[in-house]
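The structures come next, written out as structure tokens.
There are two complexes below, and they share chain A, which is joined by chain B in the first and by chain C in the second.
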Partner chain A sequence: MALDLSVITDNIPLFLEGAWMTLRIAAAAFVAGMAIGTLAAVASLSGIAPLRWLVAGYIAIMRGIPFIVLLFLIHYGLPAAGIRNPALVNGIAALSLFAGAYYTEIIRACVRALPKGQWESARAIGMSPFAAARIVIVPQILAPMVPPVVNCTMTMIKESSVISSITVAELTFSGLVVQGNTFAPFEVFIAVALLYWLICGLFATAARAFESRLAGTRRNRGLTPLVGRYLILEGRRT
Partner chain B sequence: MIPPALRATNLTRSFGQTRALDEVYFEIPKGEVVSLVGPSGCGKSTLLRTLLWLDPPDEGFVEVGGQYLGRERIGAVVRNQTRRQIDRIRPRIGMVYQSLNLWPHLTARENVERPQRVVASKSAAQARATADGLFERLQIGGLAGRRPSELSGGQKQRVAIARALAMEPEIMLFDEPTSALDPELVGEVLALLRDFAATGMTMMVVTHELAFARDVASRLMFMDRGRIVADGPPARVISDRSNPRVAEFFDRVTAFHPAFRAEPIPKETTP
Partner chain C sequence: MKFDLSLVLAALPRVSDAALVNLRIAILALCLALLGGTALTVLRSLKIPSVNRVIAVLLSFIRGTPILIQIFLVYYGLPAATGLRLAPEVAGIAAIAINSSFFISEIMRGSLPEIEGGQIEASTALGLPPSVIWRKVILPQLFRKISPMLINEGTVVVKGTALLSVITVVEALRVSQQIGAAKFRPFEPIVAAALMFLTINLALMALGWALERRFAREIR
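Moving on, here comes the complex of A and B:
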């Protein structure tokens, strides 16, 4: 059986449209997920027991159910409770909640890994919790956060294909549409796979660049004053 | 009347069944150098953390230069302070931690300048002038641009001291300042503390350097099982045999350092 590449070339606009939608969904879920993750990590580290339990429950649920079930709960379950949103919004919400749980764990672990004295010395000298976080904690957790966040985000990008099942016109969905028109699944899904691989590759490359920028400040200190503050602890990452 | 630099009233802290602090009372007037000595696990570290309100006591009060820290008593009313109130008074206690707790992502200069800017709202120029002055005084003037990882243990400690001094505290607390240092640096740090004492700085030093406690400090507090069991001029506390725990501790020290008590210590009658 020969591959009919015209199936791909004829439908390039459709594929690109889908890829663009996937990219936007992933970006929105990344931003929203990070916001959720930061808030939940702070709540969990706050020492207020009910908040800690709430976050623990959230993480346990997100990690314990399949993403597609979460998606169906939001997309088909919420309307039953009178909350109606477009499929795209529901898809992004589900993906954000899903990724947010993992981001929470990452942020929490990175903060926990710092010596307790870092936080205490900042607080004892009179810094507010916010100032201590901004000046002492955040600059020290950025670099160790990068590798696990990249892992988790790539999983999230790939998981976004599930959103096609609630009729959001993202990359997998456009693949399904083209396949329905052409009856050439092999060609179509090769194209879809390549595009996913491209998106993930782009993201990984960008993350690597960001990471080496963080790490590079130690070698060329003074060149990037803004990032200079965000350098890595000696020997923390090897 | 000048309020004492630091006053602890009835500090009590329990962890389950054990009493880490048991009705601790003391007053440190301005200019006094107090050494806090005691066997490990006696509550010295808990006391320091409690004084900074990092580990709030179950009961009791801390006053810094006449101001309550953490919990206040107005007339008969006792209430806990807000976070903001605590943050405002905390910098009046300067703390040098055993593990120093310098911020590794900032240079020595930034370690000293950032708190001044953020907490004391000083201008960049003021903060810089203070930092430079302290670095000069502590003889680390050329190292301001380095990060803690690029400094030796003794240099790091001076940065930590500068960071605390920059806030112009009423009293400086040192938690075992010599324990993390090479033996040859110990003398250097003790000399530094001696200089501080000579300038009239109020200090409380948790130490295992009994020679320091004996020769530099003007007062020795001996802690055991969460209580301050002896408090007075060092020579008297060391030679006093009325408290068996204190006597036993110094006997054991004397066994290893025969010269420790050998020097003539003025005998005083216990009150």
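Moving on, here comes the complex of A and C:
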């Protein structure tokens, strides 16, 4: 079978519109998810037991149910409760809740990794909790947060494809539309996949550059060539 | 409209039956992915330049594209490109297994350098052939080291099975949607489906904790 490239070239505007919508959804979910993550992490670290349990339950549910189920719960549950939003808003809400759970865990882990004395001495010299967090804690957790946040955001961008199932016109949805018009599923989904790949690839490259600038990569600590033959997967055979 | 718990309970029997389909698909896909991931890892360790370059591109593709699109490619794209038409469930298992194989191989790559190098030098000195070194020395330790991450990958696979509702596999989510459409109450049956996925994944996580505790005890 020959690839029919006209299917793709004829519909480039539609694909780009979808990709643009995917980026906007991801950006909105990133901002909202970070807000949720920060609040939930603070609640979890506050030492108030009911709040901690609440956050633990939130995280367990978000990790335990598929994103598509969460999306449907929100998309059908909110109208049942009398709240009618456009599908786009529901999609972003679901994605934010989903990403927020992972951001919560990242923020919490980074704060926990700091020596406890940091917070205690900041409070001891009379800083308010807010000032201690802003001046002492936040600047120190930003750098270690970057790699896991990038990873999680990439997962989130990919997961946003599921929002197509509630008819939000993002990249996957434009693929489904073009496929319905042209009956050329292979070309269409390859094109869609390549666009996602491009988005994620650019993101990953930027992240890697950022990461290697933050810390010299520490790896493959002195394995002999013989050992490396089994335990290392990259590079040349020795 | 008020939330009606009795509708959730009414949907549970059918949805839980359908969840067995999710469980079956997940177990099959995970077994295939374990085999595939191990094979990929050993293949990558041979460091044949052309092969590793192909694997690197495939890995980047699998990691850089949504699994939903990969499922569409196998289910809709493959028949159009090659004439090979797979049943929805088979296509879904194939897509999830391929996806997971690459992720498992990456998990293995990350943990391989943790294995004590002296063991491999000793095995080689004893004259063990590479296949035996892999089977008897490296892989048993490796699986133990990566078991927490494999459990995590298992939950990802279970969650992936929900996406197969989109390609008409009759699993928990799709059945719950059908019940919702028949009763004009879409929300409550989906709560039932969510409970099923939550149950499966929490059981999986509990298994992970139990495994970890046991391994920790054995090491002591």
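A few remarks follow.
Criterion: the second predicted complex is superposed on the first by the 204 of 238 C-alpha atoms of A that agree within 3 Å, B and C clash if a C-alpha of one lies under 4 Å from a C-alpha of the other, contacts with A are read in each partner's own complex, and residues count from 1 in each chain.
Keep in mind that, in the parts below, a contact is a pair of C-beta atoms (placed from the backbone, for glycine too) under 8 Å apart; a residue touches a chain by one contact, two chains touch by 3 or more.
Everything numeric here is computed off the predicted structure, so don't read it as measured data.
By the touch criterion stated above, A:Q118 is placed in contact with chain B alone, chain C being left untouched. Greater residue coverage of chain A by touch, when chain B is weighed against chain C, goes to C.
In the superposition on chain A, contact of A:S128 is made with chain B only, not with chain C. In the superposed model, A:G47 makes contact with neither chain B nor chain C.
Contacts of A:P13 after superposition on the shared chain: neither chain B nor chain C is touched. Of the two partner chains placed by the overlay, only chain C lies in contact with A:G82; chain B stays clear of it. Shared contact residues of chain A with chain B and chain C: 229-234. For chain A in complex with chain B, the touching residues are 115, 117-118, 120-129, 131, 135-136, 139-140, 229-234. Partner chain A is touched in their complex by these residues of chain B: 52, 54, 83-84, 87-88, 90-91, 93, 95, 97, 99, 101-106, 114-115, 118-120, 149, 163-164, 167. Residues of chain A that touch chain C in their complex: 1, 60-61, 63-70, 72-73, 76-77, 80-82, 154, 158-162, 164-165, 172, 175, 179, 184-186, 189-190, 192-193, 196-197, 200-201, 204, 219-221, 223-224, 226-227, 229-237. Those residues of chain C lying in contact with chain A across their complex are 1, 3, 41, 44-49, 52, 60-61, 63-70, 72-73, 76-78, 80-83, 109, 112-113, 115, 117, 120-121, 124, 130, 133-134, 138, 155, 158-163, 165-166, 173, 177, 180, 185-187, 190-191, 193-194, 197-198, 201-202, 205.
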